[in-house]
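Paired with chain B in one complex and with chain C in the other, chain A is shared by the two complexes that follow.
Here is the complex of A and B:
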């Protein structure tokens, strides 16, 4: 076929091909380098972050665990993320069943509403919540932050659960019932059990979404509630503590581990 | 039993937005006065322009780079290369928005990594001012939004039949022409959906502009935060937020009309 292609076109093809590869290479480096850099720098020992580090060691990790300033925010973040993840499931599970398995009027709208916050500018959302929370006296309370994080995590978790539920056929439940299972038992024994990997995965998504969240906490957390992202945000804003590279590395690996765990679980669903 | 929880949950999502909009029109002097106050402030006007222009630049960068990555993922044959692409994509996705901004602040600082590398290479004599510039904010935001763009495009890209390109080429088209005339129109809905999603999320950015842009190039979110916590002017903050909200909805609505709900929903669901 190349005989039909004239020479200028071939030269053009060569140029676009090279440009395309350059673009891809640049994009990949752009994505990978900062992440790698943080990991590398976390093993430096210089009092200020510099590249390349003059000395290597685990000083920054020792700092994170001994300085005492990271413990409080970390614990608060873990606690909030745990409640938020459980709370998100409590809202998302019925919502997904109502949207996919019921004849509730407006059920598809329900799912749309749950997914919508993902594309709503988060600072606009934060102000709306700020107003509602001021009315309900929830500003600066842990309950309030958990509630806000549930809303924030809901879209992702609903997507994870409903994608999975769509693939579980209702016939399985009916088959169990024709063999004498009660409705509840058919639901619990078949659908819920098949959905379990997605539920675990949804829990992890909810947990991570809350654990990483830095905007809602700034607007709603008052001055007393400092989660880990807020703590890092504040310390980067006012000073640069090199221990951040270590905590960032630990976070990156922890989150990567959790996400790999969740995707392994979902793959085991047996699609 | 199931329905009430679902409905209450959904209401909790909608109510803050309803209250926000009502407050914007009823608090203070009411009517459009709060919106007038937004546009009377030169600082907020500037930051609105700043937010829109920079979000547009971020959107274009994300769509171009995202298309390149997403297309490579769709046709990569080697498992190792595919794994590399996914790693590049998901590592920053999982870093957390604060850590991402922090990484770029180390790179861009006056005595930071980019300046010292360029200095050692003899490219520059004096360190450049990179941190607290528009460039830094655009780079940091693109870094944050690029994975979203790729995930939003993936469904469209993976559905593209490579056979179409082969047909075009066997009919005498050059590869470049085939990409422009066959590939681009077919994947366009995915690109448009990704662009709308990236833009709608970008205009609400708070952390990245504060950490990488400083006081020079405030985003709307910074002004909104200042209105609430520094000037105690909640009505004006509500009006600004409604502006952002309307902007996001208009962009998403236009995209919805252009590409249909399936492409947009597929984009959001990744």
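Here is the complex of A and C:
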């Protein structure tokens, strides 16, 4: 240990690194513990959720797929998420091209406006939307929820697409054009082709963001529209259906898988 | 400064017919005039370099020729037809970019084939042309690799092969060696020169590096503030600059003020006979290598100054000595290290300029 006495700086380094690791460990534990707990609980068989479970089995998963009460919300969630993801791309793609590649006046404002929802607290945003949607008779309609989810997903998808587009040099398009490609072909065959991984990634982000969304649907879904997160929320509020531990576990794995898929795509593109 | 200059005589390595004619071309971005009614005739097969400091308009001119920017006025004639209104894809030009602009998702071979595919080459002809170009740039072994797997020099060779594959009328090169280190740059200069000689393609080359321009070019157009400050062979620009901008930018010359009357130049209070048609105030350009640091008893015909050595920089075979002379003039001297007696910083020296080494200019 005499080396550390001789090198106080190194001893300090060691302390910092130990503290850093402790912090990291605690954060991970704190973040993951509830998730792990849910996974563990989902394999219990007790009539009420309790820890530790007294019996082990797949009863809750069987319940999810046979009770019939989860199917409707799941399908609605998938449908809304699909429309929202596609809709977000339809808005975001032209937007990032206009903001990054055109000489449109006010183009920087465009991206700013698209990203703005991210800084507004979602509950405040939802209240505002409620007022507007009530005026437009969109409360409780699937169209309305999809629209709300598009605005909710837009900032993230715009950021994903625009950081990727910035990496694609305009010279590539110009090079293709001097070599005889029309503007459209240079754009489609080179720029859009290189943007493809980001587009897929943006789609997944949009999908997850909608699939996972519980606040906007609570405000705007009315009484009729119940997506999966809403259903989970309701079932916890009024009675604790033990099957939610199973559905939460399934959701967690599905979303993790999509996230990994999207980040793999983005890493591949960066290569 | 004259803005209108065209080739008056045949160019080395070129035939005398012109391939590109630029007439009164101008370009403004808002209130800023980047190109001011430029005239230029490019000869078929020549290697023409646009040389100038940043902001001189050289890259803008190249981008207008390529069709990436529209000119504000003037004409662009390729083989006699106005191409100013054509899309870049219709101009039959090739372009090499500073950052190579290779398509990252395609192999080297596919990059080279891109222009041929746009021109609907039949498969067999396309393949043999790609092989040929790979051979020209020595990358046959790397045909199946992605650009990211290649070194900077190799990527630049792919860019060159790609732009030449479909035999463009003119090859445009925008500072293609700017991203390479010095030794690789020197090597690529030789390769570009060789490819130019072998293919006979007309090249318009943009750079801010005067050494590159000296090595590569048949002619150099020196640009400053949107006009041509000089347009001639590198040798003529080097030895007989026509104005002080060309003299300082192209050959690092010293510029001194003098007055000519009756065949006698008065310079720094001394009078020497000169052979010139100029009269009145003149600028005198002297290249650093033409100024000498002398001992006693030098020729009486020369302009001679006393000064103090401010700085000595070793350039390799040459050393560069900065001398602060009497009367507030600073002169740069370059001389061979091996055959020159050493000088010390701060020491007093005599500096001499022979009249035959001076270039007299009106401005």
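Operating definition for what follows: the second predicted complex is superposed on the first by the 244 of 271 C-alpha atoms of A that agree within 3 Å, B and C clash if a C-alpha of one lies under 4 Å from a C-alpha of the other, contacts with A are read in each partner's own complex, and residues count from 1 in each chain.
Just so it is clear, a contact is a pair of C-beta atoms (placed from the backbone, for glycine too) under 8 Å apart; a residue touches a chain by one contact, two chains touch by 3 or more.
Everything numeric in this text was worked out from a predicted model, so none of it was measured.
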(message) What does the overlay on chain A give for chain B and chain C, a clash or a fit?
(response) fit
(request) Check whether A:172 is in contact with chain B, with chain C, with both or with neither, and answer first, second, both or neither. (result) second
(message) For the superposed arrangement, I'd like the angle with vertex at the C-alpha centre of chain A and ends at chain B and chain C, nearest 10 degrees.
(response) 100
(message) According to the stated criteria, A:145 is in contact with first (chain B), second (chain C), both, or neither; which is it?
(response) neither
(message) With both complexes superposed on chain A, which partner does A:194 reach: first (chain B), second (chain C), both or neither?
(response) second
(message) In the superposed model, which partner reaches more residues of chain A, chain B or chain C?
(response) B
(message) Per the contact definition in the header, classify A:183: touching chain B only (first), chain C only (second), both, or neither.
(response) second
(request) Could you say whether A:76 touches chain B, chain C, both of them, or neither, answering first, second, both or neither? (result) neither
(message) Using only CA atoms and the superposition described at the top, report the least gap between chain B and chain C in Å.
(response) 20
(message) Using the superposition on chain A as set up above, list the residues of chain A that contact both chain B and chain C.
(response) none
(message) Help me check something: in the complex, which residues belonging to chain A touch chain B?
(response) 1, 4-5, 9-10, 12-13, 16-17, 20, 23-24, 26-28, 30-32, 34-35, 37-38, 41, 49-51, 90-92, 94-95, 97-99, 102, 104, 110, 113-132, 135, 147, 151, 154-155, 159, 163, 208, 211-212, 214-215, 218-219, 229, 232-233, 236-237, 240, 244-245, 248, 251-252, 255-256, 259
(message) Under the stated contact criterion, what part of chain C meets chain A in this complex?
(response) 66-68, 87-89, 91, 93-95, 97, 99, 101, 103-105, 114-115, 118-119, 148, 162-163, 166, 168, 172
(request) Sort out for me which residues of chain A touch chain C in the complex. (result) 169, 171-172, 174-183, 185-186, 190, 193-194, 271
(request) State the interface residues of chain B toward chain A in the complex, per the touch definition above. (result) 1-3, 5-7, 9-10, 12-17, 19-20, 23, 64-66, 68-69, 72, 84-85, 87-92, 94-107, 111, 113, 116-117, 142-143, 146-147, 169-170, 172, 174-177, 179, 196-197, 200-201, 203-207, 210-211, 220-221, 224-225, 228, 234, 237-238, 241-242, 244-245, 247-248, 252, 265, 268-270
